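Shared between the two complexes below is chain A, which pairs with chain B and chain C, respectively.
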Partner chain A sequence: MRHLTTALAALYAGLIYLFIFLPVVVLVLFSFQDGTLPVPPLNGLTLRWYEAIFSDGKLMAALGNSLIVAIVSSAVACVLGFLAAYAFARYTLPASGLLRGLIVAPMTVSTLIIGLGLLSVLNLTGLRLSLVTVGIGHVVINLPLCFAIIYASMGGHQVNIERAARDLGAKDWQVMLLITAPMLLPSILAAFFLSVTFSWDEFIVAFLLSRFDVTLPVEIWSMLRSGLDPRTNAIGSVVFLVSVAFLVVMELTVFRKKAS
Partner chain B sequence: MTADVSIRNATKVFGAFRALDDVSLDIAAGEFIVLLGPSGCGKTTLLSILGGFIEPTSGTVSIGGHDMTHVSPAKRPTTTMFQDYALFPHMCLRDNVGFGLRMRGMGKAERYEKAFSLLDLVGLRASSAKKPHELSGGQRQRVALARALAVDPDVLLLDEPLGALDLKLRRQMQDELKAIQKRVGTTFVHVTHDQEEAMAIADRIVVMNKGRIEDVGTPASIYMRPRSLFSAGFMGEANFLPAKVRGTAANEAEVETALGRVALPASAFVAGLAATGRDVTLCIRPEHFRNGNTDVPTVSLGRGRITGSAFFGTHHRCHVAADGTSLTAHLPQTDNPQIGAELDLRLKADSIVVLQDGAGVVE
Partner chain C sequence: MTATAYERAERRKAWAFALPALLWTGFFFLVPFAYMAAISFWTRQGREIVATWTLDNYVAFFEKAHLFKGLVVSLEITAAVTVISILLAYPLAWIIAERVPKKWQRFALIMAILPFWTSYVVRSYSWLLVLSKGGVVNQALLWLGVIAEPLELSANRIGTIIGFVHFFVMLLTLTIYANLIQLSPNYRRAAADLGANAFQTFWFVVLPLTLPGIMVGAFLTFVLCIGDYITPQILGGNNELVLPQVIMLQLGRRADFPMAAALSLVLMVVVTLAYIACARWLKMERT
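This part shows the complex of A and B:
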C-alpha cells in the first residue's frame, strides 16, 4: 500500500513537471529539426537554424537591445528600490504603510494596463518611442519587485551598524554607499537578476513602447507573423538559455553569500 | 586623548515616561566610570545623551569644557562601543578599525598602520584580513574596542559590551578593558546591570534607578557605605533591619530593632546622625556576621538559629531565623554550619550602615 502511494505520488509529480516543461522541451528539441517545419516527426538533428539566427543582423540587434534594456532598467529599478526601501526602513514617514502599499501595488496591475497608460503619458509629454521608453516601462514594472525584495531584507540589526558608522564620522550618503548597500548586496543582486530575467522576455510593454529599435520578444513576434519556422524555435531556445543563465548566476552569487 | 565630562540637570522624557530625571554628574578626564542599574533605570539613555544619539529634553552636556548638548555623534569627541558590536560585516578587521580614520580623510597607508597598531593592542593583528563572522564573540568585542579607539576619542562610551559573553570570557575581557583604559588614558563611560562587572572595572560607580542617580563613589565606598537602600540592595546582598532611634549622644546613638536595642557609632549614619524618634534602616552585609576577632567594638543582635545553608565556594550562605526576623549570613568556607544550630549574631559596630527611611527604595 505504501509503495503504491509512493508510486502514485511520484507519477503525479512527474506529470506536473512534464506539464510545465514539455513546451520548453519541444521548443528546444525542434530547434534542431532537420527540415523546414518545427513539428513532428523529427527528421534529424542540425545546427543550421542556429547558424541562421546568429547571422541574422536584425535578430542580433534585437538581442543586443534586449540585453541593454534589461540591464540598465534593472539597475535603475534597483537603485530607486533601494533608496525607497532605505527611507521606509530608517525614517518614520507619514502614512508609511499606505505609501509602501502604493509602491508595491503596480505588481498587481496587468502589464497591458501599465503599457497603455505609459503610452498615453508619453504621448502627452511628446517623448518619442524608443528603447529609452521601453526601459522606462520596465523600470515601472520592476521597481515594485526590487523595492519589495530589498525592503524585506532591511532589518533592525543593521541599524546599530549604521549608527556605528555615523558615530565614526560617516555622512548619510557614506553610510548608504559604504555600509548599508554592501550589507544588503545579496538581496540587491537577487532583485537585480530577477528584474533582468523579467525585462529580458517582457513583450507587451516592449511592444507598445517601441518603434524602430525593438527588443528580442518583439522581433520574435514579428517573425512569428510570417508562419512557423525552426528559426523561431532556435531563437526561443536562446532566450530560454539566457534566462536560465541569469538565474544560475543569481543562485551562485546570492545564495553562496548567504551561506557564508 | 582624554577629556572631562560634565552633565548638568539632564532630563529626558519619552511621552509620559521620564527616562532621565534631573541628572547631574561630573566625570574627570581619564576616569573609568560605570553606570550601574537595572534595566529601565536610565543608564543607557544617559549614555546615548553623551554619545549624541538622543538629545536631552532639558539640561546640558559638555565635554572638555565645550557644550555638546546639540552636537551630532559624528562631530563629538566620543565613540561608542555597541552591545551587539555593530562591526561592518562586509569589511575585514583592518578596514573595520580604519573606518573612522577613512571618514576623517586619512590616507590608506597611514590608516592601515594605525589600524595595525590598534589590532596589536587588542591582540588581533594576525587576523587583520579576516571578516568579523570568522571571529569568536570575545574577538569581535576586541575589534569593536579597537575600532572605537582608532579615532583617538576623548571619551569612549561602552553600552553593555560584555553582556553577550560567557562568565569566564567576561572576567577576562573586564581585566583587558581595564588594562587598555589605563594604557590609553581615555575617559571610559561603561554601562552595565552587573554589579560584579562594575566593581571589577570601575574607578567610580554611578548607581542609577528610575532615571535618577542613587549613589556615586568608588566600588568599596558604594559597597561598604551605600547612601541609599536601593544602592545597598543592588550592590550585592544585604539584610535590611527596620529600626527607630531611641536616643542620641555626642558620637553614638541607640536604636531599637526587632532584635533588641543596640548602640551604634555616629559614623554608621551615612547621612548624619538621625534625630531621636526617626525611623531608620540598618543595612548589614551577610558576611559581617562573623565571630572571633573581638578586639574591636562589636554589636550583638542576640542569637539566631540556622534554618538553611548552602555552600558557595567562598562562603556558606545561611538563612538564619532570630525572633521572627529572617536574616542571611555568609559564614567562612571552613565552617560547617548545621541546620538547627545556634549562631551568635555579633558583628563589628563599624560594619553596620544606618540609612534614613525614604532614602531610596528597596526593589
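This part shows the complex of A and C:
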C-alpha cells in the first residue's frame, strides 16, 4: 500500500513536471530544426537559425534596447525607492501611511491600465513615444516593488550605527551613501535584479509606449505575425539561456549572501 | 506649537528624500490614472477626444453584446483556469512537502519555476508549437493512432486555458506548498488520536488549514489571468475575445480612447471585487 501510493505520487509529479517542461523543451529542440517549420518531424540539426538571429540587426537592436531600458529603469526605481524608504523609516512624515500607500499603489493596478493612462497623457502633451517613455512606465511598475523591499529591510538596528557615524561628523549624504546603503546592499541588489527581470520581460507597457525603437518582447511579438518560425524558437532559447544563467548567478551571489 | 529650527530642517530633509518617489508616482501614475478615469466619461469624434460628460461608454458596455461578452468570456476562462490550476497544483504541493526529502524540496521548487524564465511572449508561442494542428501533441496522437484527425487545441478557448493553467499550476504549487510546510504535524496526530481516518484528516483538518495558501494563489491567478492580453491573443484565436483583447481592439483599429478607458475601469472594478471577496484570507496570510 505504501509502495503503491509512493509510485502514484511519483507518477503524478512526473506528469505535472512533464506538462511544465513540455513547451520549453519543444522550443529549444526545434530551434535546431533543419527546415522552415519548427514542428515534428525533426529533419536534422542545424545552427543556421541562431546565425540568422545574431545577424538580424533589428532583433539585436531590440535586445540592446531591452537591456538599456531594464538596467536604467531599475536603477532609477532603486534610487527613488531607497530615498523614499529612508525618509519613511528614519523620519516621521505627516500622513505617512497614506503616502506609503500612494507609492505602492501601482502594484495593485494592472499594467494595461498603467500603460493606457500614460499613453493618453502622453498623447495630450505631444511627447513622442520612445524608449524613454517605456522606461518611465517601467519605473512606475518597479518603484513600488523596490520601495517595499528596501523599506522592509530598514530595521531599527541600523539606526545606532548611523547615529555613531553622525557623531563622528559624517554629513547626511555620507551617512546614506557610506553607511546605510552598504548595510542594505543585499536587499537593494535583490530589488534591482527583480526589477531588471520584470522590465526585461514586460510587454504591454513597452508595446503601448514605444514606436520605432522597441524592446525585445515587442520585437518578438511582431515576429509572431509570420506564424511558426524557427527564428522565434532560436531567440526564445537564447532568452531562456540568458535568464537561467542570470538566475543561477543571483542564487549564488545575492540570495546566498542574504541567507548567511 | 512652533517647531524648532532643528525640527523644521529635519522635516525638510525628510520631504526632500520622499519627494522624488512621490512626484514620480504622482505624475506618471496618479495623474494618468485620474485622466483616464475622466476620459472614460467623455466621448470621441473621429480620432479626437471631446470633453463632454456622459455615461455613454458604460451604457454601451452593458448594451453592446460584443463588449459585454468580453467580460463574460474573461470570467468563464478565469474561473476555469483557477479551478483547474488548484486541482492540479494541490497534489503536487502535497507531494513536494510530504514525500520529497527535505533537502531536495528547494530543488524541486526551483525546477518547477525554471521553465518560466523564458520571455512571456515566447512561452505562449512555444505552446503553439505543442498544440497547433501540426504540433507535437497532435503528431504524437496521430502517430499512436489514438486520433484520425488533428484535434483543435489552439486558436480557441482550450488553447488559452492550457496556456494559463501552465503558469498558474506553478504559482499555486508555490503558495500551497508554503502553507503546507508551516503546518505542525501535531494537528494530524491529534486528528488521528481522535479517530479520524486519512480522508477525514485531510478534509476536516489539513484542507481548512491550507485555505489561506489556496486563496492567496487563487486571488493572484484571478487577477493576473483576467488582466492578461498575451496568452489569449496568441493561443485563443479571434473568435472569442477576452476583455483585455476587446480593450486593445478599441485602441488599435478604432482609436477609441474613451471606450478603452471605460472598459479598463470595468476590469479594475472586477479585480477590486475579487480582492474584497478574498480580503479575509489575504490578511490572514500577512500576519
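As a convention for this text, the second predicted complex is superposed on the first by the 257 of 260 C-alpha atoms of A that agree within 3 Å, B and C clash if a C-alpha of one lies under 4 Å from a C-alpha of the other, contacts with A are read in each partner's own complex, and residues count from 1 in each chain.
Heads up, the rule we're going with is that contacts are C-beta pairs under 8 Å (C-beta built on N, C-alpha and C of every residue); 3 or more make two chains touch, one makes a residue touch a chain.
Keep in mind that what you see is a predicted model, and the values were worked out from it rather than measured.
With chain A as the common reference for superposition, the partners chain B and chain C occupy compatible, non-clashing space. Contact with chain C, but none with chain B, is seen for A:124 once the two complexes are overlaid on the shared chain. In the superposition on chain A, contact of A:61 is made with neither chain B nor chain C. Shared-chain residue A:75: touches no atom of chain B or chain C.
The partner of chain A that touches more of its residues, comparing chain B with chain C, is C. Legend: residue contacts after superposition of the two complexes on their common chain; A:167 is shown touching chain B, with no touch to chain C.
By the touch criterion stated above, A:148 is placed in contact with neither chain B nor chain C. In the superposition on chain A, A:182 makes contact with chain B only, while chain C stays out of contact range.
Looking at the shared chain after the overlay, A:39 reaches chain C, while chain B stays out of its contact range. Across the overlaid complexes, the C-alpha centre of chain A sees chain B and chain C at an angle of 100°, to the nearest 10. Once both structures are fitted on chain A, no C-alpha atom of chain B lies closer than 9 Å to one of chain C.
According to the touch criterion, chain A has no shared surface contacted by chain B in one complex and chain C in the other. Across the complex, chain A meets chain C through its residues 6, 9, 12-13, 16-17, 19-24, 26-27, 30, 37-41, 79-81, 83-84, 86-88, 90-93, 99, 102-103, 105-106, 108-114, 116-118, 120-121, 123-124, 136-137, 139-140, 143, 147, 172, 200-201, 203-204, 208, 216-217, 220-221, 224, 228, 232-233, 235-236, 239-240, 243-244, 246-247, 251. Residues 157, 160-161, 163-171, 174, 179, 182-183, 185, 260 of chain A touch chain B in their complex.
The part of chain B that touches chain A in the complex is made up of residues 51, 53, 72-74, 78-80, 82-84, 86-90, 99-100, 103-104, 133, 147-148, 151.
Remark: chain C residues 10-11, 13-18, 20-22, 24-26, 28-33, 35-36, 39, 88, 91-92, 95-96, 99, 110-112, 114-115, 117-123, 125-130, 132, 134-136, 139-140, 166, 169-170, 223, 227, 229-230, 234, 244, 247, 251, 257, 260-261, 264, 267-268, 271, 275 touch chain A in the complex.
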